[in-house]
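Shared between the two complexes below is chain A, which has chain B as its partner in the first and chain C in the second.
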Partner chain A sequence: MTMALPHSRTRELPLGRRIVERPEVGAAIGVIVLWVFFAIIGGSDGFLTTRGIASYLNIAAQVGIVGTTVTLLLIAGEFDLSIGSMVGFSGMIIALGTTQAGMPLWLALLCALAFAVLYGYAVGMLVVRWNIPSFIVTLAGLFLLRGATIGFSRSIAQQPYIGGVKNAIGTDPLQYLFAGKLWESLDVGFLWWIGLVIVGAIVLTKTKFGNWIFAVGGSPSAARASGIPVARVKIILFIAVSVSGVLLAAIQVLSLGSADSFRGQGKEFEAAITAVIGGTSLSGGTGSIIGTAIGALTLGIVRQGLFFAGVDYDWYQAILGLLLLLAVIINQFARRNVSKS
Partner chain B sequence: MKITRSVIGLAAGALLSASGLAAHAEDKQLYIIGVFHADVSNSFSSVVKKGVEQAGKDLNVKVEFVGPDKFDVVQEGQLIEAAIAKKPDGLFVSLADCDALKPMVQQAIDAGIPVMSFNSGASCFKQVGSLVHVAEDGLEAGNGAGERLVALGAKNVICLNHEVGNAILEDRCNGIKAAVEKAGGKVSIVPTSLADPSVTKGAIESAFLKDPTIDAIGGEWGGGPSPAVIDQTLTELNLQGKVIVSYFDPGLDTLPMIKEGKIAFETSQVPFNQGYLPVEFLAAYLRYGVLPGGPTGVVSNGGFFIDKTNVDKITDLVKGGIY
Partner chain C sequence: MATPIIEARSVSRYFGTVVALKDISIAVHAGEVVCLLGDNGAGKSTLIKILSGLERPDEGTLAIDGQPVNFRSPRDAFARGIATVYQDLAVLPQMSISRNFMLGMEPIRKFGPFRFFDEAKAGAIAREELAKIGITVNHLKQKVGTMSGGERQSLAIARAEYRGARLLILDEPTSALGVNEAAIVLRHVIRARARGLGVVFITHNVHHALPIGDRFVILNRGRVAGTFARAEMDEAALNRHMGGGAEFEALQRDLVALADQLKTGATVH
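Right after this comes the complex of A and B.
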């Protein structure tokens, strides 16, 4: 079991060495470099204003919420490609529930939550009991949920776009848990993200369950041999990912007041990208929640930074791709050099 | 006498300074940002962008035209919030989802930035706070296309939709449906895919397999990848010339097909104007305080038919990137 633990915990190293060898250090250097870069070229155009800062923190928060749970799942050696579709589908449950079925908000949220738990459980069972790769199960889930989002909304409301959620829920105070502004133009979702990151980081690094996650992803057979309930760990993580999708859906639907069949599209890749930028391995066994948070921040800063810098949007995607690659290269380079010295 | 002279002098001075002010107001460069709901580089939005850029050149306005990398209302809202932070003189946005974008538009108005809208959002731009809406009315344009299909003899139409969920595409199909059903015909909606031609091909094949009496196709975007796929599928099914084909918004692929008679007509929403006009209207509003559109605030800009009679002229414009 000890061999599956991150090695910084297996023997006592000097403090400085322990800090620089953490996977998130390189990512932090990468994000700082990018931030300074955009502060210089876009600073006079609003990148440094409170509204500008809020705009990339909001993006980081949205992708970070699902990125956090996806990271735990990646460390345990599994994928979830259906998280984006889950955001779309559970958002549709909330919107249809409140506007069409006349449910109170808490009931609609509970329905979405119940569905997510069931879905996560089902995916987990297919993966651990039937040994179907999670890549395939959740790829099927990606299409299934996206298609169901269109199908249900069209058959119930005659269109795959549901508006008027704010009218339907009126002044229900529960909505302010998910929607509204924290400060200036910073969304409430930011607080959820920070909360999730703290909880996720503590669970991963300070609890027995966290050790199990590393062990399961590092070597499932060794983990099983040492008595770790591999199946249970994975199923719980699949459920956690789905539930975080409901959280993001609730934030989006309640702050925007609508749902459509495109919501969440691409989030499955964004979540994985932020995890990888933050030093999480796609092959399982290593990773960091703080790293993913930094990865989410990187994505937000690059995405909005390009806008503040006034980049011609014909080149937006190309430059976005290049900068994300650059962030990872800085990350690798910094880690190698800092740990050498 | 002395007094009169000084009065005249004052008046003249006032006039001079007023005209000087006016000239100054005109000279001052404005800064206007446009935010679209999808990527700004596809064959439709890149023409809108051309319109935006041309208006910027003509009217001494610094312009920016941005959008998410794919249809994404959440990201569009985030771009609007960021746009406000850049402190432009004016903002114009496509309202693909009024409920979702209203808070962002309100933030802009609260920050003292006038907002106009274009493309999507004809039914709700007023509630959102947009001053003027420049767009095709999807329902109206669909209705027009439907009436024209009926006049050509269509009784059983499939309306193709590549972005199920996008309001204007839904409106077009609903417009076609209303017109065709009014004439006693029938319309069914078939989802297609921009990303995957095989999905489009399969959808059309199975539609004809299920119902061989289908005699017309409407709704689909002519500038996208679907027309080539549809053309090939119709040839394979031996239906070329037996089905009336119509599209919305032309592409370079489809214009020759109009000439050959494979496509009966296309309904255009004149994208160049959708970029040019909001910049022009905002500049006029910022400089002189005037607004077009009358009491409705709508500047209708769609429902323009392209057929054999005008296809040559339009082809030249498309080749120049301004149609």
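Right after this comes the complex of A and C.
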């Protein structure tokens, strides 16, 4: 240290403190503890086999894909409850397009993508221009899209389920971009997830737009006063969330060869849970993409850990609720130092 | 006298039946601190909203460098060098000092087709600009929430200046601060004046206005109750004008009488 500085009342925290106060660290410690726990109780039953590892990575990838974009939106101070329904609806567009309308796969995907962009834009406009809380707009979207998915499926195919996608698209090489295995039973979706996490983390922490996301969620008035296009930032993020829903839908429909009206149900909450476990605040202004990735991994490990340990699936949700509560309490303590003063 | 940076000419503003401002004229020159004083409800906020482009006058005009202007938004005003620092500061406590400082004008570093936020450059600019106003920051990655109120206010002012402001409108910058914290901000205002900026300093604290003001404009019930040069002013005079003169003295007498009454145990109505 040099001389005492007249106006600087700030001090650098010890390295240890700085690390512990990062929200991702708590989540990372948590996931390691959970992994060791399940490795001990379920290891001999397959949790540690390549099939076991792939199974929880696949689950983490699916929730992580939407979790990544939902995290960006949460940091910007908005919520999307309709992402799960979006997965169901766009899956239905892809399945109906290829099996009923005879579209080539690329066209069906493009239709789903176009719908997602329009939908995200519409939600964003309602939120920023008409000042309707995103919670309400996307709650309406949750029911609207889910209902429409079931309605379209039943009126076109007389059932809430559209199969035969694989027959319809045949050997279209485009499908291997979304379906298929990377290695053993690890899905291609895993690569999408990792890619999205890397891009999301770079955008959030290393670009101007990322700075704007934090500012918009931290204080919209301060952001506006600094000349940041608050409306545009939010609309772009609503679109990004919807588009990530299409990505997940494409992965699911092309892997399973079918669309189910009820697919994606609950993903809106799982995405939010992964974000909160990873240290993202629901009130906006703080959060981490890496944290959300750890949160997604936590979900995958708990779900498959319970499976391999022979615990009934019913307990998964109860444990998820407990984990969420625990994560919020820990984050509250970690954040206290910053918000004070 | 030189052309003022900003000038309000006979500005009036009505809210329905309420006369918020009536026939206000005020001019601020480069290198001058004009203190805008007045009790709550005197019209200070409405006047600065008009000067900063947030509201339009119903009557009268604004002029920048002698040219009549019509601001449609704060962005318009800012483009002409008028920057307003509001009480809520426009800083984000959860964001680092350098990111806060460069918010909305982030320096960019290109890498092939990609454009990244230039953290090093942002830090260097923030450090340099804050050093100019006498704030030494050890750790630019530190969150603004860890700075004191006076430092935060100074950061907001320094940022407005860095963005090219020629005229700073400071809305009660010291009212939420303690004595030492307020001193940091007041020192900063004096330095800004020395660099040739015009400053509109809004306050209802006479002790903060007196040492830095070149001119004092006192508002009372939406009208200019008086404009005084520094030489004509002392604390008693300023207090008299601000509180509405005679009204304030009457209030003082009432309060003294009430206190005496209570002391002697008389019935209180």
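Things to note:
Just so we're on the same page, the second predicted complex is superposed on the first by the 291 of 341 C-alpha atoms of A that agree within 3 Å, B and C clash if a C-alpha of one lies under 4 Å from a C-alpha of the other, contacts with A are read in each partner's own complex, and residues count from 1 in each chain.
Methods note: contacts are C-beta pairs under 8 Å (C-beta built on N, C-alpha and C of every residue); 3 or more make two chains touch, one makes a residue touch a chain.
Predicted model, so just to flag it, every value in this text is computed and none were measured.
By the touch criterion stated above, A:Lys208 is placed in contact with chain C alone, chain B being left untouched.
When the two complexes are overlaid on their common chain A, residue A:Thr286 makes contact with chain C while staying clear of chain B. Of the two partner chains placed around the shared chain by superposition, chain C is the only one that A:Gly227 touches, whereas chain B remains out of contact. Of the two partner chains placed by the overlay, only chain C lies in contact with A:Ser219; chain B stays clear of it. Put chain B and chain C next to each other and count what each touches on chain A; the higher total goes to B. With both structures placed on the common chain, the touch criterion links A:Thr171 to neither chain B nor chain C. By the document's definition of touching, of the two partners only chain B reaches A:Tyr161; chain C does not. Once the two complexes are overlaid on the shared chain, A:Gln62 sits against chain B while remaining clear of chain C. No residue of chain A lies at the contact with chain B in one complex and also at the contact with chain C in the other.
The touching residues of chain C, when paired with chain A in their complex, are 74-75, 78, 86, 88-95, 99, 102-106, 108, 115-117, 119, 134-139, 142-143, 145-148, 151, 184. By the touch criterion given at the top, residues 45-47, 49, 51-52, 54-56, 58-59, 62, 150, 154, 159-161, 163-166, 185, 252, 255-258, 260-263, 265-266, 304, 307-308, 310, 313-314, 316-317, 320 of chain A touch chain B in their complex. Interface residues of chain A, counted against chain C in their complex, comprise 5-12, 202, 206-208, 210-212, 214-215, 218-219, 221-223, 225-228, 285-286, 338-341.
Those residues of chain B lying in contact with chain A across their complex are 39-41, 46, 49, 64-67, 69-74, 77-79, 81-87, 97-100, 102-103, 107, 163-165, 167, 170, 191.
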